[in-house]
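What follows is a set of notes on a single structure, which appears directly below.
To keep things simple, chains are lettered A, B, C and D as they appear, and every chain counts its residues starting from 1.
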Amino acid sequence: MEAVYDEKDLNRLKEEVCEANLELAAKKLVLYTWGNVSGILREANLMVIKPSGVPYEKLTPDMMVVLDLDGRMIQGDYNPSSDTPTHLELYREFDTIGGVVHTHSTFATAWAQAKRSIACYGTTHSDYFYNEIPCTPELTSEEINGDYERNTGKVIVRTMRDRDYNAVPGILVANHGPFTWGKDPGNAVHNSVVLEELARMAQLTISINHDITGIQKVLMDKHYLRKHGKNAYYGQKVNKEQQR
Amino acid sequence: MEAVYDEKDLNRLKEEVCEANLELAAKKLVLYTWGNVSGILREANLMVIKPSGVPYEKLTPDMMVVLDLDGRMIQGDYNPSSDTPTHLELYREFDTIGGVVHTHSTFATAWAQAKRSIACYGTTHSDYFYNEIPCTPELTSEEINGDYERNTGKVIVRTMRDRDYNAVPGILVANHGPFTWGKDPGNAVHNSVVLEELARMAQLTISINHDITGIQKVLMDKHYLRKHGKNAYYGQKVNKEQQR
Amino acid sequence: MEAVYDEKDLNRLKEEVCEANLELAAKKLVLYTWGNVSGILREANLMVIKPSGVPYEKLTPDMMVVLDLDGRMIQGDYNPSSDTPTHLELYREFDTIGGVVHTHSTFATAWAQAKRSIACYGTTHSDYFYNEIPCTPELTSEEINGDYERNTGKVIVRTMRDRDYNAVPGILVANHGPFTWGKDPGNAVHNSVVLEELARMAQLTISINHDITGIQKVLMDKHYLRKHGKNAYYGQKVNKEQQR
Amino acid sequence: MEAVYDEKDLNRLKEEVCEANLELAAKKLVLYTWGNVSGILREANLMVIKPSGVPYEKLTPDMMVVLDLDGRMIQGDYNPSSDTPTHLELYREFDTIGGVVHTHSTFATAWAQAKRSIACYGTTHSDYFYNEIPCTPELTSEEINGDYERNTGKVIVRTMRDRDYNAVPGILVANHGPFTWGKDPGNAVHNSVVLEELARMAQLTISINHDITGIQKVLMDKHYLRKHGKNAYYGQKVNKEQQR
């Protein structure tokens, strides 16, 4: 079955994905080519993603790779990011997301390497992530030797099973690094930037007080809901996710 | 009762508050829109504050919001910062302050999340803050579910009860982050920058010597008074607070 | 026996070595003149290296020093880097390398000073270094008082004896700092940048989880081989070492 | 007795001291006005120092203050730095130094606040400082309440009594921060930059290995002497102190 869509929408998405990748570099979340952003055209089930291993300073919208949700290449002169099957898995399972980001940003990766979830230590965290930012379990040898990148997506989905992916827009993959998502590629990058800062604050927090535990549920609720609940009163009632 | 004031003074304050907000971004104390600065026109009991959730690069003086000390909007096309009731509480209780700043700066927030006051570990600290920078107790569930932002102001005032707010121009709100104040908006920002650096030095200090305690009272007195006492001999006898 | 080579090749190498030294400064791996890069013209057994103690901002290709592999100066108006005998030892022993870098970059040097190898805590590491980044044993008094810089090269070679220098393109010299190598000077600098970031992530990782150990061998194999093995599928099949 | 000197030499020194102060800011060792550099004209026993509390961006050579070694002002429209008596004490006691620097740079200050000398953990350290960088004992109440800034100089001199001030060109004043010196103002700033980096590396080193101790004496000797001994072979035989 052919996907039906407006070519203009796809081109706009390529621009958006390219710009979001550049924003990742501008925010210093990536060293060399260590990160990738994708976006999805839901009406056509097409994913747009960064080509593999191309330096950020050379990226242009027409270098973006287009695939269908089964991973077949539809457009593009380059190999897609090697993490493509992980992105695809997330789009298939998280129905309402519009963008996915993977980085090896320093502090978030350190938590992933430490195999420790980031507890909610303060309101900066609960403004964006409801409760802890989970760390997945390790993949098994079979999962690693099998369809590794897809299995990375599956362990993310499994770990998120009892959580609301809208309220927890990111995760740490054990031994690897963070993945985030959002309503569009730019918002997913925004969540990556926030996750990195939360990871940094949390590392300092536990170094200052080794016995610290997460904040009260009532405070978590208060901050999350004043920004995201239906009675939210933060910001100017537009583009709520990017405001404080 | 109508407030009587010179419109020029209000406009000048809007410029000052706008500039102080931009300085917060320039000094890298804020990520995205995570911070806000206000100022007060004491003769008219009017507070000028940053609008909520507007990116710093778009701020102009005429976007500043003007409120009376009961929180009624007097001028402005935007919602004021969601932290407005906290700022108002501080202006009502600390008679001589002219500016208030709230940020989520990394190191100060880490101490607030660790729920630990910053002891005075050296003369850099005592040049600006007399004795420790206190961390408030946590708010109760009732305070969080009630008038949350105003109660945040109240817990600050309560924690400062036995301290001189001129000698301790800032505080850590537990689980949340720092608030500072000063004689005007620019000076309050200056104190935020200093607090962040003190928090960073203190985190390193305790990591280098786990058993370290605060400095002698006599040294604390010496440094605080050589800059702030009536016999102060630091600087050029003008704009004393911003000198060393 | 006279070395036979094309003068153009030597000039191209001088440019490459000069540029690689400047890249070291651009990537903030060196303070003042604390680092040096060399390259080799294998067909002529000639090494090109930075002059000793010249500030980076003044370096030009014609200031590079040319030596044969016995350390005799062939061209150059300046003294070569004082670490020259270490570079020479590595070129003599590691047949296929084309560039060597030495720095005192902050985090890698801290691990070298701590006399601790950097275990492989995650896939960022295993994408570049197979298994741990070893720390050499200390030199003996005799080695220090003897031909010190050459003995530094020898302890590196000794420590690498049971490892593949292509799969472990760098090492920590105990009490001193990192050395890296690569197929050419630029690639050796790339490996220095990566090593510094790995050292930084690793320091944070062990601070977040004191009991953490290295990752599973199967994951190490997977990541190293998807970038470097004969069935590598990362990147665009060109310039593989610098891609992700 | 009138000091006899060439006015051109004094003017040149004012320029040098001004430039060295600006270099302190450029190297990010100071926040606001938290630091000062001085120089001395030995033939006239005149010290040139930064004015107190003037922002770095406004400094010009003619704003520098000139004093004799008893602290009498000879030239200048501004108050000298409040740390002037400390600088004077060092010039009086350390015969061959030509410049003095005081900062509150983050990492060096953290060690001073932790009241811990920085052991020599590696060759980066021993290239510049022979053996540990000492931390002074605390001043007594009498010393603080008396001629405080001069007593700060005296405790530095006392702590250096059994050390060679040429081989240990800096110190940590307990609870306060670092002082460094050198053959001229620029070299003293160079030593401040190096001290800050050594303090940063050392903090990381002890965090990576809590049981680490200083390096072998033989290695300390080797590195210090290859740069500073009479048979030094590092650099190009000019401006040796600033090379590697």
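Quick note on the criterion: a contact is a pair of C-beta atoms (placed from the backbone, for glycine too) under 8 Å apart; a residue touches a chain by one contact, two chains touch by 3 or more.
Computed from a predicted structure; not experimentally measured.
Taking the definition of touch as given, a chain qualifies here only if it contacts chain A and chain C alike; none does. As for how the two copies chain C and chain D face one another, under half of their interface residue numbers coincide. With centres defined as mean CA coordinates, chain C is found 48 Å away from chain B. The centroid of the Cα atoms in chain B and the matching centroid in chain D are 34 Å apart.
In chain C, the residues that touch at least two other chains are 206-207. Contact between chains, as defined at the top, is found for A-B, A-C, B-D, C-D.
Of all residues in chain A, those touching chain B in their complex are 121-124, 190, 193-194, 197, 200-202, 204-209, 212, 215-216, 218-219, 222, 226, 233-236, 240, 242-244. The part of chain D that touches chain B in the complex is made up of residues 31-34, 51-54, 78-79, 82, 104, 106-107, 109-116, 138-139, 141, 144-145, 148, 175-177, 203, 206-207.
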